[in-house]
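Common to both upcoming complexes is subunit A, partnered first by subunit B, then by subunit C.
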Partner chain A sequence: MEAIFFQILVGLSTAMLYWVVSVGLTFIFGVTRVLNFAHGSFYMLGAFFALALFKWTNSFVLSIALGSLAVGVVGLLCERGVIRFTYSLPVAFQLVLTFGLVLIFEDLVRFIWGSVPQMIRPLGLGVVTIAGRRFPIYSFVIMGTGLFLWIILYFLLLETKLGLMIRATISDIELAMANGINPHLLYAFSFFFGSFLAGLGGALTLPMCSASLGMGERIIIYSFIITVMGGLGNIKGAFMSSLIIGISESLCAFFMPSLTIAISYVILALVLVVKPEGIYGEA
Partner chain B sequence: MERLSNKFLFFVLTSILLLTFALPLLSGAYTNYIIIKISILSLYAVAFNIMFGYCGLLSFGHAIFFSASAYTLGVSLTKLNLPIFVALLAGLLTSVIFSIIVGFLSLRHKEIHFAMITLALSMLFWGVVMKWRSVTGGEDGITGISRSISMIAYYYICIITVLSCLFIIYKIIFSDFGLLLEGIRENEIRVEFSAHSVVKLRMLAMIISGLFTGIAGILWAFLDGAVTPTIAHWSFSAVPVIAALIGGPQSFVGPIIGTIVYVIAEDFITRFTLYWQIWLGIVVVLIVLFFRGGIVGTIAKVVSEFYHSKLREKYREREN
Partner chain C sequence: MREAIEARREFLKKLGIVGAGVVVCGSLGLPKAQASSRKRLKDKIKIGHIAIFSGPFGTYGELQKRGSMLAAEEINKVGGIQGSKVEIIYKDSRAKPAEAVKQVRRLVESEGADFIIGIDSSGVVLGVAQVMPELKKLLIVTHAATHKLTEELVYKKGNKYAFRLSVPTYQDGTMAAITAAQLPAKRWACVHPDYEYGYASWELFKATLKKLRPDVQFVGESWAKIGTTDFKPFISSILDKKPDGIHTVEWGVDLFTFVRQAKEMGLFDAVRYKDGYAWINPMGYSIDAMEALKKEYPEGCWVSGRYLWQYPPTELNEKFVKAHYRRWGHLPAYSGATSYTAVYLIKHLIELTQTLDVETHIKTLENLAIYSPIGEMLIRKEDHQAIYDVPFGQIKHDPKFPIPVLKNFLGMPAYMYFRRPPFTETPPYTGYPPFMSL
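Moving on to the complex of A and B:
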């Protein structure tokens, strides 16, 4: 029983990391209807930016904040530079275009930082003993960030004028435009904000695992699974399915370790067979 | 007009391929290798394009079918010591089975959902290939697949197999069935109203596509005598996507031309720099932004504009 509790706790911290990254993806999709393949690259960029900034400033909080903001700016530049020309094109072209961006970013990172995985020294936050096992305190930082993000998003979307505009654009873009909302401003904002979140997720993983070239690939697949499962563009759905995926993965690692790699796909397949539009439906 | 240019290009391409029959007598082993590679990947790209260009479904999971047959062949030849024909059949059967499974899970969905589900399944397949060491050999793959014939003989076998497969696909695409597929792409509801099951037609297309992809996979396994997990990775699913886009997904020969450009460009750029992905990425971005018809589409557009302007001139002269 205690072991299960511990696994759920571990699952929660992975789930919160998935949530931070995948909500960025689903947010971008909700506003712009573009599924951004390069989201995983932004995640990777976040880790590498934070790494470089940490070496320079030696402050972890500062490097996370600045690093993820910088990723947000990169996302904004990508949107204004290339992605905005594809809004009216078929989905295939958008996917392929962002896939091209993945290739470019991958090689740029390889060129600048090399292909050897890099780490920062541990933060030294220590561990607590829960249910007889050692649990890193840093995981609570990630959980806290995830919950904080949930509150911030809730406030942003439901209480501010910007949130009203975003919700209007998500539900009916033509009507929103007729009411004087400039969609391009929102598109730019959503790419900035979504990429910022991807970068934040990447930077947050830095004390736990090294920044490496392939790291974006795994997370983009998980983000895709989570967003498709929760309903594309649905923020609540992203939260719930991050929890489902994160916790079931961690429980599976405890009970059936050999099935861990398959469990999220199995859940996705089950959800799609029962409810093709996702748990909460498409936004 | 498009059909005309298609037939013309098909003719030109076939003659080029016929010329390649004489090539092994003149050139070195490396050129032969590249040409075999081009022919296999062309088949892969054309088979993929049945789904992409004609059904309008972007699949990011064709590496599953490609590697399923290659792995089955490798396992049954090296570990089970089956006779070669049984191994070939087993390979193709696995590809078909996998295309049915993937189709069952993904074909109810369209556009983004379809692309995402095939991608997720492809990642799952890759994960299983990497972890199931006792059968697939994990990261090392399967080595020692012997083709027991010389490279030049294999060269001819490859070219002939690929050509006949391309011919069969061509016949399928320009049959009533192919027309129905295009009809689904353009207007699903109308096809359904004329008493055709959209899901069944798509499933059939998926199986055909998977089968020919499987043939390409088998040819690939014999080429190097080894199967490695790179061909199961989803980035290998992106190869035909990019090839089809470079060449032009709306035409039959587009993916073939795209593959030729892709393989030669890869070979050429990697001689100068390690960072060849960045150039590939830039090309992909430029194609999506400016040349969405690909090479064939762009040429067809230029030719038809030229043709029409000529016609207009003639018309004007006659009026005067």
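Moving on to the complex of A and C:
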């Protein structure tokens, strides 16, 4: 019983990381209707930016904050620079364009940091003993960040004027424009914020693993699974499906180790069969 | 001990049998090849080198490239292959079989490659090897380890065009189990990458260890997909099975993540015994892992590779390691050493046969003995596998070296632990030979 509890706890920390990254993708899609393939690249950039900043400042908190903000700016520049020209074009153009960005960022990172994965020293936050097992304290930091983000998003969307404008744009863009909302401002903001979250996710993984080329490829698959499963553009859906994927993977590693690789696809397929629009439906 | 010596003698006898077929792959500072008197076969000898140059495992292509490029530079400096310059064309497989097959076709059909070398992953090599008979070019594999290539494609299905200079999963499974059998651990568990290579290694490991130590149990398995950033679910589910020994063939960037998180969660402490850790990682001594993890890799873990720069202690190896370090500022990785050897092998193959005819090359390579930085190798006729041994050793941090080194080498002749055709018996062969201390 204790072992199962521990698996769930471990899965929860994985889930929160998925959530931080995939809500960024969901947010961008919700507002702009662009499926941003380059989201994974922003995740990778977050890790590399934080790595560089950490070597410079030696402060982890500062490097995470500045690193993810910098990724937000990169996302904003991509939106203003190229992506905005594809809003009125068929979706295939957006896919090709954002995929092109993936290739560009991959080569840029290789050019600047080389192809050898890089690590920073562990933070040395230590472990706590839960249910007779060691659990890294850093995982609580990730969980805390995820929950904090959940609260912030709720507040932003439900309590602020910006949130009202965002919700208005998501539900009916033409009506929103007729009421004087400038969608381009919102599009730019959503790319900034979404990319910031991807960068934050990437930077947060740094003490656990390494900054490496192609790390974005792996997370983008999860982000798409979670986004589609929760309902495209639906933030509540992204939260729920992050939890489902993270925890079920962890339990699967315990009960059916050789199926772990497939479990997230199986769950996605099941959800789509029962509810093709996703758990909470498209926003 | 006697059996071990017998085995070595057997190997040397084989060397004797092939006689003229012994070639030295590497630079011993020999006088300029007698080749100058021979006719040039071609303006340029083109070698297509396919490896992973992008994505999470992109380092592996670089590691290989350092070896093959060094060899080409050395060869070209002393006049090339009978006056022909060696040119190596590098292509990215992106770790995908279909992409690699496309690149091989392009290399042979439009870029005029005479040989193909490289290949990093088991899945990719099975795809590429199958198009070689159609393209009628030699494939010399320098990294991918699946024994299906040599046992099934070459031996059973008669694909004559693929050869392998790197050790197969016998190192990862069989030799790993022979090492494990020396340790006190009785409850073994695994954490492996979830693909062909992981499963093949674990099956061989279990079969051999069960044969050597009927008292051991296999208590748990974990299969993590390639590119896992969070190993915690796998580590905690394995910890729950209370193992006292771990077998893992995680490699590359996944290995860094796994070691770091395993340390944090106490998996190393769980497998501690008085002289180190019952932690067997056949791919552990990879240069990229050592450079990234440095002191984070706990002292006393048992690791190996497809070649270790510290072994064998021969002049040829020493020259290679020094040249590699001078050229690149890094110690050679195993795939670098095999790629280096492959390029030299191609040089000797052409000089020996005086032709570019692939059928002649195949006949010459079969049963050829090679002396290279990696050691004495024999290319077995039946399955085209180069037979050579690589020991296991324990990690030690030595301030004299930029990366951890290995101590307490433990090995046995490859002849005893490489599976033999028809690949039905579980090695080690002829009972249980005592270990040669190296």
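By definition in this document, the second predicted complex is superposed on the first by the 283 of 283 C-alpha atoms of A that agree within 3 Å, B and C clash if a C-alpha of one lies under 4 Å from a C-alpha of the other, contacts with A are read in each partner's own complex, and residues count from 1 in each chain.
Definition applied: a contact is a pair of C-beta atoms (placed from the backbone, for glycine too) under 8 Å apart; a residue touches a chain by one contact, two chains touch by 3 or more.
All values reported here derive from a predicted model rather than from experimental measurement.
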Specify the outcome, clash or fit, for subunit B and subunit C once both structures are aligned onto subunit A. clash
Counting only touches as set out at the top, which of subunit B and subunit C does A:134 meet: first, second, both, neither? second
Kindly classify A:249 by the partners it touches after superposition: subunit B alone (first), subunit C alone (second), both, or neither? second
Just to be sure I read the superposition right, which of the two partners does A:82 touch: subunit B = first, subunit C = second, or both, or neither? first
Can A:21 be said to touch subunit B (first), subunit C (second), both, or neither? neither
After lining up the shared chain so the two structures overlap, which partner does A:261 touch, if you call subunit B first and subunit C second: first, second, both or neither? both
Would you check which partner chain A:214 touches, where first means subunit B only, second means subunit C only, and both and neither mean what they say? second
Which of the two partners, first being subunit B and second being subunit C, lies in contact with A:235: first, second, both, or neither? neither
Contact-wise, after the overlay, does A:106 reach subunit B, subunit C, both or neither (first, second, both, neither)? both
Could you pull out which residues of subunit A sit against subunit B in one structure and against subunit C in the other? 106, 110, 258, 261
List the residues on subunit A that touch subunit B in their complex, please. 35, 82, 85-86, 89-93, 95-97, 99-104, 106-108, 110-111, 221, 224-225, 228, 232, 258, 261-262, 265, 268-269, 272-273, 276
Listed in rising order, subunit B residues that touch subunit A in their complex are 52, 56, 58, 105, 108-109, 111-113, 115-117, 119-121, 123-124, 127-128, 131, 238, 241-242, 245, 274-278, 280-285, 288-289, 292
Subunit C-facing residues of subunit A, complex: 3, 6-7, 10-11, 13-14, 17, 106, 110, 115-119, 122, 127, 133-136, 139, 205, 208-210, 212-215, 217-219, 249-250, 253-254, 257-258, 260-261
Enumerate the contact residues on subunit C facing subunit A in the complex. 53-59, 61-62, 194, 220-225, 227, 229-230, 232-234, 236-237, 239-240, 252-253, 256-257, 260-261, 264-266, 288, 291-293, 296
